[in-house]
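Structures for review follow.
Same chain, two partners: subunit A is paired with subunit B first, then with subunit C.
Presenting the complex of A and B:
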């Protein structure tokens, strides 16, 4: 028989396991990797977590609701390219200027969110209205989204985003660039929504058992549509941030981030079966991957090892998840 | 139903018009260009250049994109062989994996010309390359000069950002660059690959290395689109143009813009126009299976050297260093001015 205090302690460790792993990994790298232990590197880790971290919000919401979204990477690239074409001054950029100059911030953000939301709504239409499989629908969007990026840009780059946007990549608060703060605030906001609002709780219920949720009076289809649109819009936000960071967009921008995002979501404790997960855990998973990538950048280890390590970590995360479930069963 | 049939008929008519019109414009036959990807500006530029120059000498060009997938390109080769075109221009995704398809095409009587990516494991009918190892060597020469100007001697720290480590293009540049830099033991070279040639990966490497090695004198990236992300990281680290020197290769428009803005000092150009024009100049002879004579040929003002190698006739065109002094020269493909003078077949 486990005492209530011990049980609470075990539950706490299980709930925050990925954070403990993150602390351990960062501590090991700080001792083992030259130049790793410094504020600037930690700020870089947070900055580099920005894009996968933002993408992971939308993906987590959909997976928690019991669906897949493979389109997020292409949606991010599409949003980045659209605002690159509209506002960048060189390459394929049209260099549109607004008066006053700061207006470019809300306008470009609105465009990026709208592009993402439109793709999300398209996905939702096929999945919810036509009852098509989300995996296939979003796989198609992943392909046509990237194709649209190439078609719009003609394979060329857009370069030199306006200074009013670049401020978000250059200016720092507590040594961390503003783009990273945007991602952190978005994560915290949606973590709150998931935990503390009826919308979030209903998502968890739908992902756990959609039939039971429907019978309980939850409007499953409506919430699913909203979640797809949200996931698309959040991917659009990631594209906005990425275009600001790289000061433009290339046709292959963000290639490979989909799988990193899936890895982070799984490592962060979101169950691929739906109904389980928290966004703070996912953010820890993103930071974990980013800290490993940074260590590799500093060590001079061949980049192929990054993927090997990420693959091993995803397997380890799934294994840990299984163990956590068994421990919880024993506690119950 | 009627409406659907009308729409379908309209689409078929449109497609037929699209595909049939150019056939009347050229009369020597169709050449298929198998481009490895359309995700970078060099490859995109190669499509329009090859289509234009082949049009000059009377061939219609149809381009197929392999999306950087070897198996897709192998399938495209098999399909194209069945269509029996006048010739195939191949820019291989994988330098060796296409060998069986090249041999199958030649066995079927279809000449195969290699563009930009030299395949030495089997015989091709013609190869037009810039010499990627030589691009690395040209970059090394320029970096030698820049370090001497900055530090008074050829010494300092260079961050080399490769493209994807699975791409022989970037490995060849690295080979040429590092071989030449061996002569300067006071130069430290730190090398990292940007996986999948993705710009934000290059930006992250530069951001991390600026903290780990704040005394970096120069960043050498293997493609201009990576230079854009490198500049973004330099700017975010509070650097001004020229604080950290920047050299890039391939000569894409974005690289030339960075030179004009002072962020980049040298762009080593791949002579895209000349490489594409050389294919067109020799197309008649290749299609006619005539002998190609080794020697020096003027290709759009560049001196190309044609040699007969074990893998077939090979023309190598010199890469050029682009600096702020010559950045506006229209001969550089990055200025996006395809030469208007028609290319003529070699006699």
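Presenting the complex of A and C:
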């Protein structure tokens, strides 16, 4: 039997474990890696976190509600390719221009979100209506989504996004480019939704015990559909940001980000069992991955090292998840 | 003493699970403010019947007449909206969140800012604390996750929850199974109290003494059919046990029990 105060302390550490790890890792790198401790490097870490950070929002919401979405990476690429084809000036880009020129910002954003929402809705249809396994359904979407990207582009790339969009990648606020701020604001907004609104509360309840939530009058199916659509739309937002950053889109855009996102989400304290997690923790997980990657780059290690380390991190994250569960069980 | 109006009439309710006929034509009535004990052996179909009334299962056949109108509850949300509260045999709590979140599950108190509903944690915590204190339940902290609580504490949360929300009909499926002696005594008193407020109660229990303590009427289910429907004062524990085991001849159906003098007219 543990005293309530001690339990509260342990719970606090477990809940915020990833922030402690992040601070420790950054401190170690700052001592050990030459040139690591600079404002510019930290800004770079945050900038790098943009895409995985955005993808992680939708994935976290779905995992917390007890589901799974493997399609996000392909959805991101699909959204990026669609707006690349519509608005980029060269390559497969059609170079559509709008007057006034800034109109391309809301229009391209709306298109990117809509593409994501449509894929999310098809996922939801198979999972909720046809009662198919979310893992399989979204794995299929991961495959056909990427296939659609290649088919649409013919394997070629779109280049030169309009200047009105490029501004978001170039202009900086506090040393951090605007696209990274978009991701941060989205994270904070959904962190608020998850913690403070009935919608967020109901996601936790569904992830904890869907039968109890249903019996309590919560419309479980409806909420699940909304969450799949949200996760798709947020992946669409990540695609919009990525197309701006790369000023276009390639057929293999963002390959590998699914696993980074997964790692970040689990490292961030979201339990794969559902019903547990916070988006601020997930963002810390994203920053942790990003700071490790930055250290690897600075030390001049070859790129495949990053993959090795990321693979190890995924394993470590799942191990950590299991360990936290066991500690919590002992506490009870 | 006046005869009560029926609140809910079940008319020939059937329910099949594939080839299994769990319910084979259940017909009885529940009066306003009446406490009906639903008795029967394991597998008799009691939980299935409760789920049909509470909107969790669709009947395969038969009619439900609630407040004089034929109804069909497509979901627990619809039954709840009609004033039917249920405590299920397998508890309906989310162990990953705290006591307050469970208490207000699906009915959270919110305040709107700029059209966005915001959870009012303080108000919900205060209401939960009051309800739990009123019922004499002791729970160390309302902010601990339910996974850290004992079986008895969990059951107490569910019982307090439905008392707090009230309604017109309460369905209790073996509500005291995990409770101690004192908590059970309080629970039985609580049933009498809410019945006196004019709320109807259906309670499933295996303990004859509990049934005789609170029920106005006993309905015995055997192999998916009504094997007995008797007023408490007209029967004995022995007779009820014989109905449950199938040794007794089925007695004629009893009318809705008359209101006790304590109940509303």
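Here is the rule we go by: the second predicted complex is superposed on the first by the 306 of 332 C-alpha atoms of A that agree within 3 Å, B and C clash if a C-alpha of one lies under 4 Å from a C-alpha of the other, contacts with A are read in each partner's own complex, and residues count from 1 in each chain.
Here, contacts are C-beta pairs under 8 Å (C-beta built on N, C-alpha and C of every residue); 3 or more make two chains touch, one makes a residue touch a chain.
Note that this is a predicted model, so its numbers are computed, not measured.
**Q** Looking at the superposed three-chain arrangement on subunit A, would you call subunit B and subunit C a clash or a fit?
**A** fit
**Q** Touch test for A:35: subunit B only (first), subunit C only (second), both, or neither?
**A** first
**Q** Decide which partner touches more residues of subunit A, taking subunit B and subunit C as the two options.
**A** Counting residues of subunit A touched by each partner, the higher count goes to B.
**Q** Applying the touch criterion given at the start, work out whether A:276 contacts subunit B, subunit C, both or neither, answering first, second, both or neither.
**A** Only subunit C is touched by A:276; subunit B is not.
**Q** How many degrees apart are subunit B and subunit C as seen from subunit A, counting from C-alpha centres and rounding to the nearest 10?
**A** Between subunit B and subunit C, as viewed from subunit A: 140 degrees.
**Q** So, does A:208 touch the first partner subunit B, the second partner subunit C, both, or neither?
**A** second
**Q** Who does A:218 touch here: subunit B (first), subunit C (second), both, or neither?
**A** Only subunit C is touched by A:218; subunit B is not.
**Q** In the superposed arrangement, does A:174 touch subunit B (first), subunit C (second), both or neither?
**A** So A:174 meets neither subunit B nor subunit C here.
**Q** Tell me, in angstrom, the smallest C-alpha to C-alpha distance between subunit B and subunit C in the overlaid model?
**A** 28
**Q** Write out the stretch or stretches of subunit B touching subunit A in their complex.
**A** 38-41, 43-44, 165, 190-193, 195-200, 203-205, 207-209, 211-213, 225, 228-229, 231-232, 235-236, 252-254, 257
**Q** Can you name the residues of subunit A that touch subunit C in the complex?
**A** 4, 196-198, 201-202, 204-205, 207-209, 211-219, 275-276, 328, 331-332
**Q** How about subunit C: which of its residues touch subunit A in the complex?
**A** Those residues of subunit C that touch subunit A are 54, 56, 75-77, 80-81, 86, 88, 91-97, 101, 105-108, 110, 116-119, 140-141, 147-148.
**Q** Subunit B touches which residues of subunit A in the complex?
**A** 34-35, 38, 40-41, 44, 47-48, 51, 90-91, 150, 154-157, 159-160, 166, 169-170, 177, 242, 245-248, 250-256, 293-294, 297-298, 300, 302-304, 306
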